[in-house]
Amino acid sequence: MAESALTPEIVELLRRSSTATMTSVLARYGLRNTFLLGVRPLTPGQRMVGVAFTLRYIPAREDLDHTGTVDNLTDPQRLAVERIGPGEVLVIDARGDVRAGVLGAILATRIKMRGGAGIVTDGAFRDTPAIATLGLPAYCRAAHAAANKTVHHPVDFQVPIACGGVAVYPGDVLVGDDEGVVVIPRHLATTVAREAAEQEDLEAFLWEKVRQGASIVGVYPPDERTLAEYRARRAALSS
Amino acid sequence: MAESALTPEIVELLRRSSTATMTSVLARYGLRNTFLLGVRPLTPGQRMVGVAFTLRYIPAREDLDHTGTVDNLTDPQRLAVERIGPGEVLVIDARGDVRAGVLGAILATRIKMRGGAGIVTDGAFRDTPAIATLGLPAYCRAAHAAANKTVHHPVDFQVPIACGGVAVYPGDVLVGDDEGVVVIPRHLATTVAREAAEQEDLEAFLWEKVRQGASIVGVYPPDERTLAEYRARRAALSS
Amino acid sequence: MAESALTPEIVELLRRSSTATMTSVLARYGLRNTFLLGVRPLTPGQRMVGVAFTLRYIPAREDLDHTGTVDNLTDPQRLAVERIGPGEVLVIDARGDVRAGVLGAILATRIKMRGGAGIVTDGAFRDTPAIATLGLPAYCRAAHAAANKTVHHPVDFQVPIACGGVAVYPGDVLVGDDEGVVVIPRHLATTVAREAAEQEDLEAFLWEKVRQGASIVGVYPPDERTLAEYRARRAALSS
Amino acid sequence: MAESALTPEIVELLRRSSTATMTSVLARYGLRNTFLLGVRPLTPGQRMVGVAFTLRYIPAREDLDHTGTVDNLTDPQRLAVERIGPGEVLVIDARGDVRAGVLGAILATRIKMRGGAGIVTDGAFRDTPAIATLGLPAYCRAAHAAANKTVHHPVDFQVPIACGGVAVYPGDVLVGDDEGVVVIPRHLATTVAREAAEQEDLEAFLWEKVRQGASIVGVYPPDERTLAEYRARRAALSS
Amino acid sequence: MAESALTPEIVELLRRSSTATMTSVLARYGLRNTFLLGVRPLTPGQRMVGVAFTLRYIPAREDLDHTGTVDNLTDPQRLAVERIGPGEVLVIDARGDVRAGVLGAILATRIKMRGGAGIVTDGAFRDTPAIATLGLPAYCRAAHAAANKTVHHPVDFQVPIACGGVAVYPGDVLVGDDEGVVVIPRHLATTVAREAAEQEDLEAFLWEKVRQGASIVGVYPPDERTLAEYRARRAALSS
Amino acid sequence: MAESALTPEIVELLRRSSTATMTSVLARYGLRNTFLLGVRPLTPGQRMVGVAFTLRYIPAREDLDHTGTVDNLTDPQRLAVERIGPGEVLVIDARGDVRAGVLGAILATRIKMRGGAGIVTDGAFRDTPAIATLGLPAYCRAAHAAANKTVHHPVDFQVPIACGGVAVYPGDVLVGDDEGVVVIPRHLATTVAREAAEQEDLEAFLWEKVRQGASIVGVYPPDERTLAEYRARRAALSS
């Protein structure tokens, strides 16, 4: 997919803004359901920016999935792991079912080695104590020790999926911080990156005023006087 | 799909057994998760036997789905409705989300006119008072007046899906009674039809004994003496 | 409240359309969360049209609510019941908590005697077997035998509330059928009544075509040819 | 258990009062959690009065429960069924887990033949279409076709259990109507039966007044004047 | 509200006891539902003591809430923030709905600058990584990036509300530790503060005995001998 | 119970493997439901290995449980605490109900003093800030300040129970790490300990290869060449 790579500038802009700000920018474009519900960082303190590589699970069926074997050349989970490219995030639709892990530490390591930018699911990971040591951003609803085929059947990848109640299309941009993960439709990625950075700059200014004791009235949201002050400050800084 | 049609004999056998019996037969083959959880008949008193035609929904995205328009030539829901063939059951993966209907009365009517054998979802139908009058078996988790695109996006059809916590593959056989819906993997349909009919015949005999006052000891499950009595009765009837 | 009464014409129009149709009309005006989630008719086969009279419950506190006494002159539940006017629907915000009934048969009877048009809650009613005999439309999430103060505290009435995940403002119009209850903001009541009636008329025509074997293509949604045919039929009928 | 039998008079009194009234009487004695949450009649229109015979399930373990065999002489479920006596109600603690039935039609029939007064669970029954024809009061949270050992393991009987969030001790009295099931501690059964009958008599009088147009003020709850009127009426009737 | 301020002595006493102890003291007064269910500290290691300033949300309606604007002079959320006084805790009834944040970092900062003692909700906060740095005790059920009006509508403040399944009246005292938040009815605040401090003192003594190897028999709960020993120790310490 | 003690060698082996690995080994023996759902470590960074001592709770009844007294000589919770032996883990079936704690810091301390290896529940603990300081592994679904009898009634101990959706029999082996708790049927404890240690050794080797850049193909699962390499490495290390 040619569009798979984000420019380093956009990645950098997205890395600097919070998911809260991006959610607000997306709401301006009419998109109000963009944050994965119930999906939390396994290890706080990391930032994730990447392009969605989707993987879809359905419920396991005993004759297909409880065989105790897995074939790396046909199993969609394994194929997906070996196709993840640099800057991509593996997003797994687990139907919110946390009764088994969707992925463990060895596969997570492989994703990291391939340059993957993170792993995300609305299910559970397994081997979470080990995954937490990898330095790979990981977001999930829970931890569960059981292997994926206990309750899941990986069925296909790079199709549109549901994750945490949000639609994720292959190629969408996923950004994660300690609050969680926001999904940015691919065609809006550049716009959101730029507008979020601008909004963060303005809000940093407003926040500073509030920290210094200003009322929110006239400040948050800013009135014309506050905006003028902000523009003056910004002009002064950039001159 | 050549395998789409079930023989009339198998359909008839499946129609005569209860979903409880079929679930037991499937358990003998190691399949214990075959009954759709929380999916109930909209109108009791009907039997459904048909071949799964699957349709998959993901969460709606406002720019794609809140447009107020629908194109019958590209929308997967509409394409699915116009491809349903005689004896097929439309099964919709709604991720258990009942905050909108997945289908209303006009589409349900069209499915019936095309010879469809039923409609099933783990979401909600809309226009349920009207659907209830159609004579088309309909199974769902709830009723909701809102149109599907309020929260759903039809994304593809005839792919393996989840419904009510069970895997449904296109071509699987769905049987419904007042208890709910059982999913029979296609390759087991004939086996299940025959063994279920046999088990029902035996259990009718056992049930009759219990109704006449027999203890369950020696009868349910039957011991050798009871089985011999059953075989004798059956031989007498068929001679 | 002067606006409390709906004209008989509007009531009649609202009584003739389904909640599914009204939900669609409201979506045209950008309102997509108007149908009470999980709230079902206690007794199918009734229609409800009325103006919202709201009542709000919070959790009970033992010293205030487990006293075994109730004062009709100060208890907000009792005050509300004795203020309900003709054509009004008592809507109770029970926070979705079904661990006690919000109202029983005697109060429901009193509401009916005062001309009330129905009772609605996202909690449970008690005495449901008796309420079901009253001929008063009643919508709830469950039945529970316990009296309201076991877990609820009636706190105020005629304030905006939540019910079934939807905002209900005093004076809003509530319409119920066998599918459930839709909330129509007061200022849209006339518009929705008229547009819903028109849409029902068109859809009856389209449905009839589908029942006669028409494909949905060109019919649902209708293309220009189908719309022309509809208009001609309608003109013929009204001439 | 000597206390197992209720006198016919008490059974008759309990049969005439509603679960709502009994719940109120129990609240007077400080017991506010007596109604089984989410447990509904399989077939409306029946009354159940009986003494609790408890049966406890824990989660199944594959090596113990997925064997496909059941031994009537050691399986606690089977032992319980063959010990139920006249006027007893089998109450099954299924931990609210509805992913399999706890009991099917043949065992339900056997319970009926033994004089059992009903079956109750906070799980699901299987064969519900058949159970519904037996004339045996049955209360459950859901229907599920799978056999009990799919997810349950019957472990012991006649021990105190949880059912629908309520404690049930062997020997407690269970009363069911179309609203659901109330649990009356055994030592309170006579008291509740008598006080409930009295309260029902009074409330029938009050309800009649409200049906004739009386305000609830002074009537519900009744003031001294209304109580005097009630006593006079009652005296007149019994003289 | 004249009663708004707690005396420094009471604040100090409340700060030293655990919410577990206070919950026990409240149970002695018959109040057993005083701890907010599912509401957790955003940042462990803080203590919160303050007076409840309540704010109530209902579901958003698109025409009222998806406008992208907020008016600090009329919006109840903003009015509440600018009215919070020293020692007050903003408690927001979000109906347990965590699909959007109820408040972000700038408003939380403003509350802190006004002397607020904490923020509490049964919904989610947004900007949680930033809020976690403020040093303002914050308790919530979840984090969510979306702004409040995505799903909430602030409707009024300083009315009785529900939060985490508990009634909160304006002026009630809220105490938080790493376990969560307890609600103390205002008229019991002094009593609870004193009795909790006494109970903590006794339990520290008992705990020490258990740490040194004592059996709980005779110690927890303490028998007369242990109580005498405790009183002697205490007398020795205070003499 | 003679079988109560595990040999130090087995304890040591179990301590070294992850719950994820043990879950996989158990699945080889057909046991796929062995990990407690939703039960999390109160304090990460600890390992727990011990023998299950079970305790069962049912719902409280006000007349039995809201008395404010507890008798260490008859209360099953207290009896259990004083019977816990070295190397045992107290496992409490709280029916998943987190509306009160099942145990507080003083009892947890007593368990530790008696040599207990941990405490586990599918409910909540109370005094969690204090329990977290004890160095006793503790696993629960939540924290709640209320005392157990607010909603629970301890009813018996050393009977088979449900915990986190898994069957726990007295004498089963419980192993906990930061992911959660796995239940090993007693007769499989030695087998699982040995096979898990072997699998961990192999997986450490495979993980290292993946960390060094190997594809998972041929490595995870290992093909014959990789297995030969592993055996050679192991032989070299042990020679």
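We just call them A, B, C, D, E and F in the order they show up, numbering each chain from 1.
What we mean here is this: contacts are C-beta pairs under 8 Å (C-beta built on N, C-alpha and C of every residue); 3 or more make two chains touch, one makes a residue touch a chain.
In this text, all values refer to a predicted model and were calculated from it rather than measured experimentally.
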Checklist line | Each chain counted as touching chain A and chain E at once | finding: F
Notebook entry, point to check: Thinking of A-E, which of D-F, E-F or C-E forms a repeat of its interface, with over half the contact pairs identical?
Noted result: E-F
Notebook entry, point to check: What's the call on chain B versus chain C, same or different interface residues, using the half cut on shared numbers?
Noted result: different
Item checked: Between chain F and chain B, distance of the C-alpha-averaged centres to the nearest whole Å -> 40
Notebook entry, point to check: Once you find the CA centre of chain A and the CA centre of chain B, what distance in Å lies between them?
Noted result: 37
Next item on the list: For chain C, jot down the residues that touch at least 2 other chains.
Entry: 32, 66
Check: If each chain is a dot and touching chains are joined, what shape do you get: line, ring, star, complete or other?
Finding: other
Next item on the list: Mind listing each pair of touching chains for me?
Entry: A-B, A-E, A-F, B-C, B-D, C-D, C-E, D-F, E-F
Checklist line | Residue numbers on chain E that touch chain C, as the complex places them | finding: 29-33, 58-63, 66, 95-96, 153, 155-156, 159-162, 165-167, 185
Item checked: Interfacial residue positions of chain A with respect to chain F in the complex -> 66, 68-70, 72-73, 78, 81-82, 98-99, 101, 104-107, 109-110, 113, 126-130, 132, 142-147, 150
Item checked: Residues of chain B touching chain D in the complex -> 18-20, 22-24, 27-28, 32, 34-35, 37-38, 40, 177-180, 182, 203, 206-207, 210-211, 213, 215-218, 220-221
